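Below is one structure, written out as structure tokens; the observations come after it.
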Amino acid sequence: MALARASNGWRTEEGPALGPARALCYDQRPRVSDKEIPLELDPVILFFLLGLGAGLMRAEMRLPAAVYELLTVILLLSIGLKGGVELAGADLARILPKLGVVAAMGIVVGLMGFAILRLSPRLPRADAAAIAAHYGSVSVGTYAVAIAFLDTLGVDYEAYAAAFVVVLEVPAILLGIVLVRGLRPSVGWASVMHEVFLGKGVVLLLGGLLIGVLMGPERLEPFEPLFFDAFKGVLALFLLEMGLVAATQAGALRRHGVFLIGFALLFPLLGAIVGAVFAWGLDLTLGGALLLSVLGASASYIAAPAAMRLSVPEANPGLSLTASLAVTFPFNVLVGIPLYYGVLSVVYPGVGGGA
Amino acid sequence: MKRKLLTVITEQALERQLVQCVMDHGARGYTLTEARGQGRRGVRSADFEQVGNIRLEVICEEDVARQIAETLHKKYFDDFAMVLYLQDVEVLRSEKF
Amino acid sequence: MKRKLLTVITEQALERQLVQCVMDHGARGYTLTEARGQGRRGVRSADFEQVGNIRLEVICEEDVARQIAETLHKKYFDDFAMVLYLQDVEVLRSEKF
Amino acid sequence: MKRKLLTVITEQALERQLVQCVMDHGARGYTLTEARGQGRRGVRSADFEQVGNIRLEVICEEDVARQIAETLHKKYFDDFAMVLYLQDVEVLRSEKF
Amino acid sequence: MALARASNGWRTEEGPALGPARALCYDQRPRVSDKEIPLELDPVILFFLLGLGAGLMRAEMRLPAAVYELLTVILLLSIGLKGGVELAGADLARILPKLGVVAAMGIVVGLMGFAILRLSPRLPRADAAAIAAHYGSVSVGTYAVAIAFLDTLGVDYEAYAAAFVVVLEVPAILLGIVLVRGLRPSVGWASVMHEVFLGKGVVLLLGGLLIGVLMGPERLEPFEPLFFDAFKGVLALFLLEMGLVAATQAGALRRHGVFLIGFALLFPLLGAIVGAVFAWGLDLTLGGALLLSVLGASASYIAAPAAMRLSVPEANPGLSLTASLAVTFPFNVLVGIPLYYGVLSVVYPGVGGGA
Amino acid sequence: MALARASNGWRTEEGPALGPARALCYDQRPRVSDKEIPLELDPVILFFLLGLGAGLMRAEMRLPAAVYELLTVILLLSIGLKGGVELAGADLARILPKLGVVAAMGIVVGLMGFAILRLSPRLPRADAAAIAAHYGSVSVGTYAVAIAFLDTLGVDYEAYAAAFVVVLEVPAILLGIVLVRGLRPSVGWASVMHEVFLGKGVVLLLGGLLIGVLMGPERLEPFEPLFFDAFKGVLALFLLEMGLVAATQAGALRRHGVFLIGFALLFPLLGAIVGAVFAWGLDLTLGGALLLSVLGASASYIAAPAAMRLSVPEANPGLSLTASLAVTFPFNVLVGIPLYYGVLSVVYPGVGGGA
């Protein structure tokens, strides 16, 4: 793969452009040998568990909303900038069609979710569509954990993976709206489009990508201490907060019944398989396949809730947010990511993936 | 001078629509504060943006207040967490409201 | 429809107890905002968590409001910074309160 | 016992002066919350400190409330974004206000 | 001492496991020669003075509560993680009994405080107990300054000192409650225990320790930029805020009279002596002895106020918070830490301590 | 110039005191050759544009006020500390008179602004004075961008430039008050002085300078990760927020008419020329001349609005804030800084400046 990157350094295949000084700063990460099966937890996960435990025990601890905002902004910019930096100098003509395919994957995952949810006779159509929109869209937090996971293992992935997040965020949300409202939403397409495309996820990821592409790695070096070196620390704080938030949603789980919990636990497996199949079709590396699987498995908890709330207000926001935040996010982060990687590392090369 | 104070407590997500509705009905201003709480639709905390409340106050003439309340009621009560109530207030400069 | 609005301004530390007390008396909901201020027990600023206030509002039937006020008064007035007052409000959907 | 609740919504920049004025007129306390809003002087959002509002509440005897309102009116209405209104409230411990 | 650590590096006695690259990053700190008497101020202190001065002059400057929360969370996690990383691979069987002794020290300091405060005829029993609880418990901010002080000097201390903070936080608070309520607190022990053990201090310190122990230094490397490298900067901002907060409490000093101020200035000396004696009994290094002295001298302003407010509400919270925040914290940070160190460095080796 | 510094390192002319380890960390910045005309955008500008674009499109994105406060505090301290560190060991007797001259420059720029604004028959005297106060005072955010600009280019500037910001902040504000109130302001000089000298700009810049001078570079090393290494990242987040804020003010532009917009676009050019003339008179380096030009061109949006609001309340705060935030700040940051530098690098050496 011409665009594969060494995930524990900045070198591209064009060679170690940044020289030995940089290598010194980045090559310190432990690399697992290719034999080891790395199913142990990534350290960042422990911060999530800490937050979750504290929340469930009702510890006297809150991270104020302003802190959550700051951490989210830094994470989104970091992921965007990192992706953009890697993209700088890449062959956009080859990448854009792939991004189109990935966007279509969002629709596929969303439709599968909707079909399955419609099997429940008691779940109104609007709720099925709203939940499907959440699961067809993606979670940036989960993606960040997957990146941290790959970096810890020293596994490479496609330079442009951050762009996957951008193109997957929106399509399933539009799908969810169309499934309820048809092609003429009551609030008008202009307002829907505004809501969907101008959420902070798309704006900051896309903004970061653009800045990264325009400036390239060398000019962005002064920004590394905050946006790249501190990435794992910021992610740790973010996951601590997510644990606390997930704990507050856990109470709602009992109310929502077994079907929803079952869906929130099992649908990610299906989403991961779809992601892997698309990765195989797109000829991604093993690392890229993991990322696309994780994106397929993950459910939105920022963009989708905001958009569905206004466009499909009759859907109960508690259902989708609880499923996404209190079940699927913890599941993916604790079990899913290592599981998908374990399976992929055995199966994917076998079918000729990542060759 | 007598006026009505209309207070609306609802989901943060509705902020733009709420403001639009209030100004469309001819109110001359409004005040917003961040809030959290509990009601029919469960606990709404401010820690996570999706689930915070806002508290909007409008001082206006009685009929404007009733119209705003009516409209909000019709448009949003079925689908959104929302509470609203009216009070009498005395203002100094009635021309502002 | 007429209801009572009970407003309580007190120390952040009491939040859990306050909410418990309000719900135990049969109120259907409440709204909380962060506040600061000054009173008999000195200045209470929000900059440092130990010394911030909360402002709680409950809309409910008059007797419920009076009972809550009574209980809070008995339990907390001696030891905590606390102010409470009652107002008349008109609500649209009386079954919610 | 009956008292008056005076609510003032104005620019953050006036906080010190406002508190001074309230206490100088003999009020025993006040409560402050952060707010934003819109009025004659345009939109005032809380995102940027220069343009946020505060919302001040004072419970006191009627004549004190009217004097405070009068003074604020005279001193600040011409030059500052400011809204104020009076309401009746019932308090439990009248000696506090 | 088998567990003594080089405080300006990560090397344990097992040898420089992390190699020359790391040493490069950590060994740049200036080391004072052992002859110098380092009574000059640590730079972080100046940030406290800046905040205090600004507050006393009523400068137009506030750090919002959300910022204070963020800084506190980072500090607590940093201290916990650092302690945990050092503890990884240590002999827990030898350490746990020592921690038990340190916990007992909290009771001793608390009882001494209570006895002295009861000498004042006008101070109600509840207030005496509440203040004693604050002084038997500890201040994480003061501990952080002491660590910064030792790091600046390049003085070693025990790997597990962060665990001292955890075990000292709670016992004196329980003591304070028992002194007023007896063994059957009116709100019930369950609620007291919840309040006391699930404050953010215990949760984040313990959580950080556990994560540090479980992961060890190598796997936590990606977290260093935020949690370790930025430590002093975060501490500086925290102290700036503490200065502002202390200034707001200063006004209350006049109301509370000479006895309280005297107690808040002199009791720390006693607490420091108790700490030093315990350190000597536990055979700690000189650095460890300073830390235990500082913990003995410091007074809680997070955990204790919150717990006492609900469990002993008749105590006037203004008394203990003002003493702790406006007198003892500044005193320890400005005068106490260098003073205790100056005395200890002369006396402690003389009696065979730290040998 | 004895005090000129290598802006991309800590070395003073006394030599590379901090040794090769530090140099390794600092010398990685790309240096443009002296021939290149560096009119391309600095990366930080892109973050401003991102925020501005997002704001103008009404994206669902806000940085809460608490985050803005935190970023401002870090920026002010960073600039102050950096300046102080460079000043440590400098000859204060030679610098202080220069600072007096720079303070006078604030009055000159303010008077020029007032004179021009009084040409408009419809603008009340109070408004003219208030706007003049904003433009005679300075913007720390703009100064930070100028520093980042010089650092990116590797251009040296005077060690004590941060002190320019401090001494320029206040005089024009006092001038503005005097122009309306005469020498006896209605609220009393004590209150005016408090408002003007105890804003966070002066306090934190001056505090940082003092701490830097007192501690010197070596003792402040542990603070570098947060205050210096993360500087550009923090500046990026700050500019993102400033973009959002500028966008909210943009709506007010239409109301205020062409004269105000014209003033806000053209007066900076005049201010920059005045700055350059003063720089030439003070015999500053090219870098110092750029900084003084930028300060002359920049308009306050923190200190001046706060002070004028209370001292000259009859002035419409919307006029000056909109001009300063929505026109002059973007103009300086996007166009002004490279423009002033481009002109200065041609003209300034020609007239014997910076020799």
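Per-chain residue numbering starts at 1, and chain names A, B, C, D, E and F are given in the order in which the chains are listed.
In this text, a contact is a pair of C-beta atoms (placed from the backbone, for glycine too) under 8 Å apart; a residue touches a chain by one contact, two chains touch by 3 or more.
A quick note: this is a predicted structure, and the numbers were derived from the prediction, not measured.
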Topological distance between subunit D and subunit F, in contact steps: 1
Between C-D and C-E, the pair joined by more C-beta contacts: C-D
Residue-number overlap at the subunit A/subunit F interface, same or different (half cut): different
Intercentroid distance (Cα basis), subunit D paired with subunit B, Å: 20
Distance from subunit E to subunit B - Cα centre to Cα centre, in angstrom: 47
Geometric centre distance via CA averages, subunit B-subunit A, whole Å: 36
For subunit B, residues contacting two or more additional chains: 33-34, 87-88
Subunit F, residues touching no fewer than two other chains: 62-67, 69-70, 225, 230, 306
Each pair of chains that touches, named by its two labels: A-B, A-E, A-F, B-C, B-D, C-D, C-E, D-F, E-F
Subunit A - residues contacting subunit E, complex: 24, 28-30, 43, 46-47, 50, 53-54, 57-67, 70, 148, 151-152, 225, 229-234, 236-237, 240
Touching residues (chain side subunit D, partner subunit F) in the complex: 11, 13, 17, 41-43, 45-52, 76, 78-80
Subunit B contact footprint on subunit D (complex, rising order): 9, 33-40, 53, 55, 69, 73, 77, 83-88
Residue ranges of subunit A in contact with subunit F within the complex: 21-22, 24, 64-67, 69-70, 73-74, 77, 194-195, 198-200, 203-204, 207, 210-211, 214-215, 218-223, 225-227, 230, 306
Complex contacts: residues of subunit F adjacent to subunit D: 62-65, 68-69, 244-245, 248, 252, 301-302, 305-306, 309-310, 313-314, 317-318, 321
